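The following pair of complexes shares a single chain, subunit A, combined with subunit B in the former and subunit C in the latter.
Moving on, here comes the complex of A and B:
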């Protein structure tokens, strides 16, 4: 984005933008979310993962599928020879990869006796993932020339449905579900009342049903998506309002008075979601949503989803590293506390810079300032680099003071995988 | 139909007491081939492994309000071929250490329990009260050869855990 590739330099529907969008939504957000689910679903349902060893094949399939898909889009944009078969190939690999993850998660959840709110959200998220992938695969084969006239109309006007199912259903509903449990765990809050979160989920699922089912029916009937998207927008706003009520309750009823960095920064993610909701509503009310859809999606992807994932990773990386490194000597030798693996004050600056850059970039997109936007995107890249550097330091136990750092029997963890 | 003894530990747990001695006393009374039908206010998962080691198969059934009925039946053959020397589960002594970790921030409860567990002599036990199921503690206990039994009190507010050091 900083280099001016894709939106906003190119059109929102251009192949270059498709490269960018899928790199972010699959390469970053979906992969991070899949990893989070494999780690977290067993905790949610108190059952071991159905198949521990599906994770690596899934990662390989997703990565290969993404590369093929991106190359296909690059070919579509004229950057590569016109190897359009790459698109359906990528789609098949992605179906296999996401299929493995979805099967693993669903079979794990299914083995549980009772489901809590988070697990239900995850299941709806999984259904949305399947819808997203199915629509995406349809588009991919169509772009490669394998589609018939019947589905041409789906490609013509169905892209918003694919985006809503992906960003709204799969990523947002899953993130919401996981956040219920993570916030309760990290802030020592009582769980949100089951009936209350069920209403939130019901309205969220309804939003998706209206958008996807209604959208497909409207496309079939050639009646235009306007009314469907309006209703989906209304239900979407209601979902965010209900979720906001639940989150505020989690923060208010917390027992941990002093907020840790991860929950402070997560609040900026929630704020981004709120601002995106208001922005979307205002744009829709003034009839100018279409020209600003890019800015809206940008704020959802980078302010809300990326912001929340980065904030939570700050805690999760530290905790899992701590458990991995010091678990064997716990109670046998002096060891650091989890908080000593991170330097919150330093990380806070990078997070602050990240959110500021995202919000400025969104404003610049709304103002149509393409060149200045690239500067803000560069700032985002630098801040993200800073945050990643903090994670690397945590993995390497760099910030743990001697002599606690490596007591007898403790070895430095590997950077990318747990021993 | 297997002949079996019924044991209801729900009142014991409701009164805030440990059910182990009752379970073990019942086990000691079993005639060869006899089973044990247990009623508990939660699914006694940790007990399954212990009972499997002692040569019992189990069949569980959920009752109303999250309560469980578990039927333990003796298996025809000894369960494990390389058992740790049969650790009679029936002589779990009174806890040597008791901890109330309900007001500690995670992961302090886990650190405290493992620290206390290291103080136990062979076969001794500790008991701890927690406000959440310590899911990350169990693998650590397992690696160190400790056994444990735990569950929520009927009102769901407190998790009671008993840990026993390897003999």
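Moving on, here comes the complex of A and C:
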């Protein structure tokens, strides 16, 4: 984006933008979410993961599938020879990768005696993932010329359904579900009332049903997506309002009065979701959603989803590193607290810079300032680099003071994988 | 003698900290009961959240730390009944961690 590749320098539907969108939505957000689910679903249902050894094959399949898909889009944009068969190949590999993750998660959840709100959100998120991948695979085949005339109309007008199922269903509903439990755990808040969160989930699931099922019916009937998207927007706003009520309750009823950095920064992610909802409503009400759809999706992807994931990673990387390094020797010697693996004051500056850059970039997209947007995108990249550097320091125990850093029996964790 | 051993185990368990809260598990109120019979200790304890990934390490850490002189074997029972609440913390821990006083 900072280099001027894809949107907004290119059209929203251009192959270059498709490269960007899928790099972010699959390479970053979906992969991070899959990793979070493999780690977190056992906590949600108090059951071990159905098959831990499916994680690596899934990662390999997702990575290979993404590379093939991106190369296919680059071919479509004329940057590579016209190897369009890469698109369905990438789709097949992604189906296999996401299929492994979905099967692992669903079979784990299925073994639970009872399901709480978070687990139900995750199941709806999984269903949305299947819909997203199915629509994406259809588009990939069609773009490669294997689809046939029957699904031409789906490709022509069904892209918003793919985006809603992916960003709204799979990523947003799953993030919402996981956040219920993470916020309660990290702030020691009582769980949100079960009936209350079920209503939020019901309205969220209804939004997706209206958008996807209604959308496909509308495409089949050639009646246009306007009415369907309007109703989906209304239900989507209601979902965000209900979720906002639940999140405010979690923050308000917390036992831990001093907020850690992860919960402070997550609040900026929630704020981004709220702003995106208001922005979407205003744009729709004024009949100008289509020209600003890119800015809206940008705020959802980078303010809400990426912001929340980065904020939670700040805690989760430290927590898992602590367990890996110090867990096996617990009880033998004094050891640092999880909080001593991070320097919140330093990380806070990077997070502040990240959210500021995202919000400025969104404003510049709305203002049609493509060149200045690239400067803001560069600032986002620098801030993200700073946050990643903090994660690396955490993995290497760099900020843990001696003599607590490496007591007898403790070795420095590997950077990218757990021993 | 048994009471003395129980106190000694309780003191020894202060080396085990909850990684999330960053405080020792005794003052956090995680240790529900310590019973010693013929050199065998049975410790009933909890964690903040059911399914917490740290629970296994906490249990192992307690078993290691509780093996003080006079104790031959340690059995650790993890329970979530009653569920832990911040009201189970000592005043010192609550103040140190900045917790609200209510349940």
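Keep this in mind: the second predicted complex is superposed on the first by the 419 of 419 C-alpha atoms of A that agree within 3 Å, B and C clash if a C-alpha of one lies under 4 Å from a C-alpha of the other, contacts with A are read in each partner's own complex, and residues count from 1 in each chain.
The rule we apply is simple: a contact is a pair of C-beta atoms (placed from the backbone, for glycine too) under 8 Å apart; a residue touches a chain by one contact, two chains touch by 3 or more.
It should be emphasised that the depicted structure is a prediction, and the values quoted were computed from it without experimental measurement.
Undergrad: Should the pairing of subunit B and subunit C on subunit A count as a clash or a fit in the superposition?
TA: Superposition check on subunit A flags a clash between subunit B and subunit C.
Undergrad: Have a look at where A:233 lands relative to subunit B and subunit C in the superposition and call it first, second, both or neither.
TA: neither
Undergrad: What is the contact status of A:45 with respect to subunit B (first) and subunit C (second): first, second, both, or neither?
TA: Second partner only, subunit C.
Undergrad: Give one of first, second, both or neither to describe whether A:257 is in contact with subunit B, with subunit C, with both, or with none.
TA: A:257: touches subunit C, not subunit B.
Undergrad: Scan A:113 for contacts with subunit B and subunit C and give back first, second, both or neither.
TA: After superposition on chain A, A:113 lies in contact with subunit B alone.
Undergrad: Looking at A:328, would you say it contacts subunit B, subunit C, both, or neither? Reply first, second, both or neither.
TA: Both partners, subunit B and subunit C.
Undergrad: Looking at the overlay, does A:6 come into contact with subunit B only (first), subunit C only (second), both, or neither?
TA: In the superposed model, A:6 contacts neither subunit B nor subunit C.
Undergrad: Determine, under the contact definition given at the top, whether A:72 touches first (subunit B), second (subunit C), both, or neither.
TA: Neither: A:72 stays clear of subunit B and subunit C.
Undergrad: In the overlaid three-chain picture, which partner chain does A:90 touch, first (subunit B) or second (subunit C), both, or neither?
TA: neither
Undergrad: After superposing on the shared chain, does subunit C or subunit B touch more subunit A residues?
TA: C
Undergrad: Pick the subunit B stretch that clashes with subunit C in the superposition, from 41-49, 59-67, 77-85 or 131-139.
TA: Of the stretches 41-49, 59-67, 77-85 or 131-139 of subunit B, only 131-139 runs into subunit C after superposition.
Undergrad: Which parts of subunit A are in contact with subunit B and also with subunit C?
TA: In subunit A, residues 43, 46, 185, 188, 256, 319, 322-323, 327-328, 330-332, 335, 338 are touched by subunit B and also by subunit C.
Undergrad: Per the contact definition, I'd like the list of subunit C residues that touch subunit A in the complex.
TA: Answer in residue numbers: 15-17, 19-20, 22-23, 48-54, 56-58, 60-66, 85-86, 97-100, 102.
Undergrad: For subunit B, which residues are in contact with subunit A within the complex?
TA: Subunit B reaches subunit A through residues 43, 62, 66, 105-107, 110-111, 113-118, 132-133, 135-136, 139-140, 143.
Undergrad: Tell me, which parts of subunit A touch subunit B in their complex?
TA: Touch list, subunit A to subunit B: 43, 46, 113-114, 185, 188, 256, 319, 322-323, 327-328, 330-332, 335, 338.
Undergrad: Help me check something: in the complex, which residues belonging to subunit A touch subunit C?
TA: Contacts found on subunit A: 39, 42-47, 185-186, 188, 254-258, 319-320, 322-323, 326-328, 330-335, 337-340.
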